[in-house]
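What follows is a pair of complexes built around chain A, which joins chain B in one and chain C in the other.
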Partner chain A sequence: MNRNAISRAGLGRVLTAAAVFALASTGPAAAKESRSYVLAYFGHAVASKEGDCQGGLNPKLDIQYAKNMQALGMPGAEIEKLMKNFGDEGQSWDKNKIGQIMNTRARVNGEAENTFAHPAAVADANLKYVTGKVAKGFNLDGAADADAFADPDTGEKGIDNQVFRALGCVDPFRGTLASGTAFWLFMWMAEKDSMPAWLITVEGDDLSKDGPVDVILSRAIEVTKFNANGEARADMTYRQDPDPRMKANVFKGEIKGGIVNVASQANLHMMQDQLTFPNFDLANFHLRLTSDTEGRMEGLIGGYQPIEQVYFALGQGGLAAENNYSPELPGMYHLMRKLADGPADAQGQRWSISTAYHIKAVPAFMAVKDTGATAKASENTANR
Partner chain B sequence: MKLPVKAAILCVAGTLSIGAASADDLIPGVARRLTTAQYTRVIADTFGPTIKIGGRFDPDVRIDGLIEVGAAQVSLSSTSLAQYDAMARSIATQVLNEENRVTMLPCQPASATAADDACAAKFLSRVGASLFRRPLTPVEIAHQVKTAATATEKVKDFYQGLSLTLASMLTAPEFLFRIESVEADPANKGGYRLDDAGKATRLSFFLWDGAPDAELLRAAQKGELDTPRGLDKQITRMMASPRLKDGVRAFFDDMLQLAGMEDVMKDGTLFPKFNAQMTTEAREQTLRTIVAVVTAPKGDYREIFTTKKTFLTAGLASIYKVQLPFDAPIGAPDYWKPYEFAQDDPRAGILMQTSFVTMNSHPGRSSPTLRGKALREVLLCQKVPAPPADVNFTIVQDTSNPIYKTARERLKAHAVNPVCAGCHKLIDPMGLALENFDGGGSYRTAENGVKIDTSGEFDGVKFTDGAGLGRVLHDNQAIPSCLVQRLTAYGLGRTPAKNEAWVEALKAAFAKDGYNVPALMRSLALTPEFYRATPTEIKAASNTH
Partner chain C sequence: MSVSKIAVCIAAVSFSGAALAATKTVEAPLSTPKGITLQPLGKTQGYGLDKTTAAVVPRDKLVFATDAGLTLYTSEADQPGKSLCVDACAQTWIPAKVMAGAVPVDGWTIIARADGSKQWAYKTRPVYSFVEDKDPGSIGGNSPARFSRGEFAGSRGAVSSEVPKDKPLAKGWNVAYFFPMDKRPLPAGFAIKEVEDAMGMVLVDAREHTLYTLDDAKRAKTCGDACPWTPVPAPAIAEGIDAFQPVWRDDGVRQWTYNGKGLYTFAGDLIAGEANGFGVDKAWKPAQIIKHFAPDTVTLTSNEKLGKVFADKTGKTLYMRDAFIFQSGAGHSLKRGSPIRPAVGRDLATDPHCKDDCSKSWRPFLAPVSAEASGNWGVYTRADGAKQWAYQGYALWTFDGDSKPGDVNGHDDYQLFMSHDAKTKVDIGTPYDGPTALYWIAAHP
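Right after this comes the complex of A and B.
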């Protein structure tokens, strides 16, 4: 059992003491118990360990850029001359020769094109990837393949998380669930105050007991609200975005041993933030969330995500993004293409890749429709 | 015989005194410095809500539980005068800038670079009546117009010249102070009463918390406020105005000392949901609750201690852990929704609202003592002595004490000291009834793992929790009695002497009217004593010279 899981009795205590309930529907079916949460953190699920990248981590930017220039056929003397000025932040763009070269190192029909818009047209830098044996995530294909990871905490075999494998030898993408990665800590800080909040609702006959549940993911109109101490504010009321594109995110799952699980063959489609994932898709959607004594949820979501989505979350920042958190963004694209393990198309090409995201959520209310009358506390909220 | 208003304000050595040109023709009145809220309202009423007020006001002073009483006993320091001057210049500049002058001026000057006495007179007499709460005399208008002309001549700009004159009016004592001038009282030989302008000012600030409107000034000028019929007519008109709610709000904001919310700070680690926005919203919640209860048809003041109805924002709802109906358009900010707590919800009345429990707590913990003290002093008009200077509070403050796990246990241990026991016996039982609400306003049933005991007794009546305390207060006669006392003091600007017969009569009328606050306000406004400057009052005012 996951060490973070709480006992069944513990979940029952959580439900009566701290969890909050949403009664979004008022018809006869409203007998179901319903609990809602708002997303409080989002980032790649990682489990980096010392020595899990054979031959060490990928090189720093200056070394990689020198290699890239070499790959472009530039003479060594010129590279050496240019690299003498590397990192001079006082340079304007017209004098930033290295930047100009790196920004257009894609070649389409022999013409220089934007590197980050055309990653497949950039020579593969053959970056290193994770060769370690552990990762966080889900066994998406049900197989315990020899090349799959094992969960570092539970020992579960067959964990599919090729995004971790592809990105995990670049320093800002390394970390653990507890620490997060530098990349995602930055991205979450940047988007949390502007991205419409994600809502997670768990519905079942009796959420204090093991049994089948529905897990619904939706988006709010409001952004997540935060406390003065920076933590997501619990017990806020959010209005659900009626956008029909996210209506289908209802998944059959179960509560088992106090853990909410979804192991679905269906697809999740969410909309997030322009900064990272304008569209966020996970095929074979999986979810595993545990609850603490304050009613907060923490765990993983995962599935097969289009490589294009994963790449452009990194690559749309262009040269600045590459300078900040990756020595070789197209190289990461190439790695993901090589390591892709999603379903193959008719040509045998795999365009999606297994991944997992670490999420945290706090109790929230889903707004009921305002009828204009004085609202009255629902029976559930009064007796919580 | 009607006496001319001769009260003059002299700024001497940085302090302001009420006096006269000479000691012989001294006729004092009551002067109350405009509170921050009143200053803001008068500016908005005169020039519209778009005029921004920048600057720092002197802190309002609370005496006998009320800022309105304190306002009658404060002066101006040279520093605050400088602040008022800066605010005045800023307001005057905005009023007469290119964007606003078209709507603010009732006329167009013949030339933008030369004086226009007729146009200036029109503007200054209209604005002056609103700012000074009375029509300007012809001499005053002539003086202001001359000032404007002189200034215009110097700066070669009509609007700038007028702006300088307006700024000087905004720093005039007649604006910064509500000067309630008096005249001989024919019904009380040797005594004084407020004159027409004084009556209009008192009435308007009492019922509307703002300056008299044109109709009230007209009635005052015609002497209609001197007749019971004329007075009744104006009061009836004013009571029917939506501005009555402003007056009710202002009174309860003062009486409940809700301005204290501005100073509430909480430990963000212990009470993460409580932030600066909550201080504003919690105060507003309580005011909205009270106004809704007491201004409802046949509204009973005592129900503010028992009502399940309130108003919430999403932020407050998160503190109360309740679901809020919410249907604002996309992008709309948080807004207020009426809300009714379930019958079995522990919250009822204003005492369990975030404002009261957080304001009367410490930054890191609740305080039954502060809460009990506030209940005694604010709602029951009692005085609780300050603790002796050498009291040891160690046990009370030690919330992680392994032996005394709840506030009740800690206070019991603390009150072993006989010096402390007397007061704590008086104030703690009521405060302990609210211990289900922590220092951040959230509901709890246990402290350090021990169930919280909220039972107690007040005036021989037992209760088991905060809601029970609310019901006990609802039925206790000291509650409406204190309200009458506070409302009277609020209107008069002074605390009436104990057991004054007319105040006792108001208490009886309040009970007869079903504890309806607007009815009480009306009764008070119709009482001749409300406009009477008693010898005591005159003496007090004279002593400030």
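Right after this comes the complex of A and C.
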């Protein structure tokens, strides 16, 4: 077991004990310095501000459901009668008339169908979206479009984060990097103890200096190890999952001013968890991570993500999910379709949307089995 | 051998008769003869979309069933080894047929009926299916869909298999249960549990850790200082019970034996339900009381990600196609992280409902023409007439992306399904209630 000699200057100064070692021989010792980290937090990158939703936030569920029933053509008196019992239907599905109506408010060829599997067949609720000027994320297209956001901290223009724009006027999706959002705090808490951990490795000739690096994202066999306070423990050892589906996640980047940056044209493909993203794909993968004095990393990853993936994370719980955190899941789908800014297909349809995720990571040891050469990032596909 | 080395080693255990005969082992009896299957009851079949049922209801009871999965019953009116249910009775209670080539196994015998036909009997009682049962997991004509949370299963859905009270089972008829089993005399501290990874009902100790038998007693002496196999100690005053006898070893330890073989625990088993010693050393085997049937062409391989999974003869992992089920708390990537739902497997059968052409990389795990269902294994007939093995209702497949034993590169391969227009209905071959997914999952015991 080898442990790389690590400079303690520059990036290395703040990245303490972590290093990569190999269980299996991989030939002559590599000259590169490597540092690995394990994911400690994951959630949407948000920067909500007072007044950033013109006309206020989207309505609460009871108001929206009454509107939805109107859209279905139900008489006002019947809606009023049903809504008097809203929230008092109890656990019995038979008695939950509102739930039954809302669960099948899609109309496919005129037939009532499951709302959440057929969001395009639900009348657009025309939800409000973020009209504010700031958001966290990346300038994915390299343009400083007038309608793009600016970073609230750095002032960088041209920030593309249409997922934030689409979801940002719904209460559980509002927050800041410091606070997180209610949605993602719940989701992360639900999956962090059972989801195979994500690993991030930074490799370069000298991580104490500015210069080119490789940034590698992979997955562990183990889940992230947390302490009694729910914080990810540093310097734990993880076995890298040799699954070839994630071997292409090697990205060219650079360290500049102690910040690790990736501004790639390549695609990230990760596997996360059924609860949110069984597949997690980002085209034009971007990453920006800064380390603190304890060697922990924090920052953003971003790119264009398939709308299906984003919507699945929101809507796979069906009516329960809508009742928990959204006034209108199909409305959020419609917004994402309208605001999508990823590459257009041959028919001019855009099926992916710019987004950014806030991540935290702590130093970790990564045990790597020799499973062959690393594939190229270009071998990845964004829309699996 | 360290625990970590044991954990990462890749082992294959063959179920073939030839391999087992070579070890000169006294085999544990099979739980089911050819044509008799095992089925969970009620909601544990995975009917409906009440998410709190299939995911959390314990599979607390298993019944014997026909090859089609229909529950078997016994009649209190019958005599041992003799069926008195004839004529109209036999139109309602269908005698369990005996397939060609089937042979009796533990507790199962073949009896002759008055009309000369043959019928299975369990513990001397003739067994029958019920004409009103249509679905696997039924009792007395009550489909598992009726075993709903609340009305029949308790307010929290914690009991899966109570007979619905509004349609009770006919008087004088009883369900033929495989589990719970009749109590057997055991020494203090021993129990019999189903250990899935050991493929049967297995002896466990007071911690519910799997016990193993050693075929060749000489191996115990050559195991070395770091031997991971620890003799199961017998108290000095312990007395033998039937097949369980304490013996004094040369090293002064008094050890329990079962059927004349020393009993051991394995250091690599850290929690109840593990059988990590299975396949590590052919001399040591799980102390099976009853073993479940598995086809000769199926092996069990281990990998560091999922532990034991089914594989074909070459060690290629076998997979099931499953449908997404929402479960708060996640963990689906873990072994047994998603509930087995035989009803979903039967819905999909041999059609994986791929978005793209799966035939390019997923291949059916074919069964011989003579294959018949038994235990947890079933057989589907494909459109081209070929037969395909199924496990607990799920047709089995191999993945071209796996190149060596232990590879599980197709595990958790997801395809999302949702409609993007008002003309196309989502059809995944099984019920859903939101944007949904089908995925491949490594098949495991």
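Methods note: the second predicted complex is superposed on the first by the 340 of 384 C-alpha atoms of A that agree within 3 Å, B and C clash if a C-alpha of one lies under 4 Å from a C-alpha of the other, contacts with A are read in each partner's own complex, and residues count from 1 in each chain.
Definition applied: contacts are C-beta pairs under 8 Å (C-beta built on N, C-alpha and C of every residue); 3 or more make two chains touch, one makes a residue touch a chain.
This one's a predicted model, so the numbers in the text were calculated from it and none came from an experiment.
In the superposed model, A:Q347 lies in contact with neither chain B nor chain C. In the overlay built on the shared chain, the residue A:A228 is in contact with chain B alone; chain C does not reach it. When the two complexes are overlaid on their common chain A, residue A:R239 makes contact with chain B and with chain C alike.
Of the two partner chains, chain B is the only one touched by A:A367; chain C is not. In the superposition on chain A, contact is made by A:F116 with chain C only, not with chain B.
In the superposed pair of complexes, A:Q274 makes contact with chain C only, with no contact to chain B.
Set side by side, chain B and chain C differ in how many residues of chain A they touch, and the one touching more is C. When the two complexes are laid over each other on chain A, chain A has residues 221, 239 in contact with both chain B and chain C. Here chain A touches chain C in the complex through residues 91-93, 103, 106-109, 111, 113-114, 116-121, 190-191, 193-196, 221, 239, 241, 243-245, 271, 273-275, 278-279, 308-309, 311-312, 315-321, going by the rule given at the top.
On the side of chain B, the complex with chain A involves touching residues 268-269, 272-275, 309, 314-315, 317-319, 321-328, 330, 337-342, 344-345. Within the complex formed with chain A, the residues of chain C that make contact are 50-51, 150, 304-305, 324, 326-334, 337-338, 401, 408-409, 412-414, 416-426, 432-437, 439. Taken in their complex, chain A has these residues touching chain B: 20-23, 221-222, 225, 227-229, 231, 233-239, 365-371, 373-379, 381-384.
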